[in-house]
Amino acid sequence: MSEPLLQAVNLECERDTRLLFHNLSFSILPGTVTRVEGPNGTGKTTLLRILAGLNDAFSGDLLWCGEPRSHLRESFLRNTLYLGHRPGIKPLLTPLENLRALMAGRRRVTDDTLSQALAGTGLAGFEHVPCRNLSAGQQRRVALARLLIADEPLWLLDEVFTAIDAGGVKAIEALLQQRAQEGGAVLVTTHHDLQLPGMQRIILGGGERDDN
Amino acid sequence: MWQFFHKLGSPKWFYGIATRFMPWLLASGLLLLAGGLAWGLAFAPADYLQGNSYRIIFIHVPTAFLAQSMYIMMAVAAVVTLVWRMKLADVFVKAVAPVGLVFTFLSLFTGAVWGKPTWGTWWVWDARLTSMLILLFLYGGVIALDRAINDEKSAARAVAVLVLVGVVNIPIIKYSVNWWNTLHQPATFKLTEKPSMPVEMWVPLLLSVLGLYLLFGWLACLRMKTEILVREQKTRWVKDLVMAGRG
Amino acid sequence: MTTDVRPGLKPVESGVGLFPAMAAVFMRDVRVAFRQRQDLLNPLLFFIMVVTLFPLGVSPEVEFLRQSGAGILWVAALLSVLLSLDHLFRHDFDDGTLEQLVLQPQPLFALVLAKTVAHWILTGLPLVVLTPILGIMVHLDGNSIAILCLTLLIGTPVLSLIGSIGAALTLGLRSAGVLLSLLIIPLYIPVLIFGTGTVAAASEGSPVAGYLALMGAFLVLALTLAPFASAAALRISLSNS
Amino acid sequence: MAFDSFSAFIAMEGHGPYVWSCYAVFFILVAGMMIWSARRNRAVIEGCKRRFDQQQGTSGRDARPKASATFTRVEVSQD
């Protein structure tokens, strides 16, 4: 399985007449963890949103399994999991209902599985509490519970460690590591000092920005 | 064919062509418009029913005509924006929408002023005037949406969607307003539809329509050039162009 | 498109069918709405209050109200739908649910349609239910009230569908609410004209089947076109954020 | 010529005010739009020129100073 899942060729993105990045090319291979790095405002989130298919204001090519992604949109969406800044959790619904709704369009899962996933993120006993009564970290954990049941080969995770306590961070690191060993591909942006063996890096805003 | 299409989409190419054609557009437009209006004002015979007030027709009809066809042109450009992502198309929509608003306003204003001596009131909820009023709202919406979105590319595409939704609606609006009009007031005689217009009337009308079209062409070129400069100000060719001193 | 099976990739078919996915979107919106019932009541209260303003502001005379009652109710219903449209995508946009919706391996227009149907059931339908009471208050006769309810029943989904385009276009913009009204009201005019016109025709005793069929045609047209436009607009608005 | 005299032309048998006000508004708006668009075009060109001149003056130097964040507290001066 050495064929790259996702390939970016000469990506260029301009935002409000400011060039965020250009000539950006890389491949995401199965079984790897890749970290997108760079100071604030260098386009980490924008890059992730472009890769996820949310932002199409860019030039350059994105290849999914070697073919233009726009031709294989459904296959791409089915096989990619994106978790953004905003976790997609409705404050008025309970963690279980939220998780159920998020999985509904993707894959059939039983409530039992969902409860187990919630328990795995430390939310056992909170299944039926409305999310607005949970703390920020707990709400993030509801979204992260998807990682415990996700079968998508490609994960795009934006700032996963935000609002997560030290123990949780350790556990997530281990989860990403394990996912890569299973053959999944993970792309993360984080300011947390993530160090995993064999981790790849994409560095943004690294001086090669030509200013005008 | 494709190469031509591609070329057509290149702002630099357009800029050159527009610069070459603009003097001709301006000269011929002014000439035709002046000729048509002078003829219509001073030489065409008075209308046997409405007297001299009908001379407003020589600006009312051209502006109304242009306001409507501009929306159709914008819709075509919107399709091009959404399907082929051609830069020039959204430059066109952005540059032309305010002109459309002004022309729609002019046709409404002249219609209202014409209505005073003809119907005895400034405003009648006549089907044509009402449809034009709605067209004015549509233009206003397009401009407001364009202003509200900061990012140029998103603005262009959002506006394109709105213009297309509007153009699907225009026939429905026209039809429903006509129906509503017959429901509420039995047909009065219409402003512009005359059984047969003598040659001395429709020739100047045709001249002023053509003249205004050409002037619009000039105005559209000019405004598109401005918009292109704003968008491409970082590119090499704009720098060369500006530094060479010709605009 | 879906036959692409490579090692490690999940084929699209292994996912969920379109219908369950739409049902889930619909159910979530309904559930959220019932957890926040005030939001459900607001458009209804607004509807009643706008209708109340007319007798107070213009004239309480039976003749006036009977003549313009249908128009008043239609305008009030239109305004309350407009008022509620701002919420259609905003909360989803703010909490990130919308991103996840767009990224579902399902045709986006169908999911948008599910959301719009939920919106109609939560705002448009209650307005229709409330109409007979208000109709009596503005002295409409029984036949007119029945026809009015029928036109609102066909017309309010059109309002929700067209409105969803505007809501998607103005998503995430400053003063989105006012802008939304500016964009959408011109597009509402045909529905309003035929809605009130049908009632007027009925009160004059002319046959209304033709007009109702025409409104039905509006509904079919809106059902087939609006979800695509809203989906395109949503993609654009998300791309911008 | 449809009129006998210039004054008849202006009066238009009583319809003069309507006709002439229409034409006046038409000319003011169309001419205004043309002039305004032309002036904006000039202004944009001037703006570009100014920026390019400036760029040539400061070429080589980075226009935007790059500094890493230090998060040191700022002395607040009071006067």
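We call the chains A, B, C and D, going by the order they appear; numbering starts again at 1 in every chain.
The criterion applied here is as follows: a contact is a pair of C-beta atoms (placed from the backbone, for glycine too) under 8 Å apart; a residue touches a chain by one contact, two chains touch by 3 or more.
Computed from a prediction, not measured in an experiment: that's the story for all the values here.
Asker: Find out how few touching-chain steps suffice to connect subunit C with subunit D.
Answerer: Minimal hop count between subunit C and subunit D: 2.
Asker: Going by the touch criterion at the top, tell me which pair is linked by more C-beta contacts: B-C or A-B.
Answerer: B-C
Asker: Compute the centre of every chain as the mean of its C-alpha atoms, then state which one is farthest from the centre of subunit C.
Answerer: Max centre-to-centre separation from subunit C belongs to D.
Asker: How many angstrom lie between the CA centroids of subunit B and subunit C, rounded to a whole number?
Answerer: Those two chain centres are 32 Å apart.
Asker: Suppose each chain is reduced to the average of its Cα coordinates; what separation in Å results between subunit A and subunit D?
Answerer: 47
Asker: Could you put a whole-Å number on the gap between the CA centroids of subunit B and subunit D?
Answerer: 20
Asker: Among the residues of subunit C, pick out those that touch two or more other chains and give their numbers.
Answerer: As it turns out, subunit C has residues touching two or more other chains at 239-240.
Asker: Scan subunit A for residues touching two or more other chains and write them down.
Answerer: Residues 57, 212.
Asker: Which of the residues in subunit A come into contact with subunit C in the complex?
Answerer: Its residues touching subunit C are 1, 3, 30, 52-57, 65, 71-75, 77-80, 82, 84-93, 97, 100-102, 104-108, 130, 151-153, 183.
Asker: Can you list the residues on subunit B that touch subunit C in the complex?
Answerer: Touch residues, subunit B against subunit C: 82, 134, 137-138, 140-141, 144-145, 148-151, 154, 157-158, 161-162, 164-166, 168-169, 172-173, 175-177, 179-180, 183.
Asker: List the residues on subunit D that touch subunit B in their complex, please.
Answerer: Subunit D reaches subunit B through residues 1-3, 9, 12-16, 18-19, 21-23, 25-26, 29-30, 33-34, 37-38, 40-42, 44-45, 48-49, 51-52.
Asker: Spell out the part of subunit C that touches subunit B in their complex, as residue ranges.
Answerer: These residues of subunit C touch subunit B: 162, 165, 169-170, 173-175, 179, 182-183, 185-187, 189-190, 193-194, 197, 200-201, 218, 225, 229, 232-233, 236-237, 239-240.
Asker: Note which residues of subunit C are touching subunit A in the complex, please.
Answerer: Contacts found on subunit C: 1-2, 4, 6-12, 14-16, 20-21, 24-25, 27-28, 31-32, 35-36, 91, 94-97, 99-106, 111, 235, 238-240.
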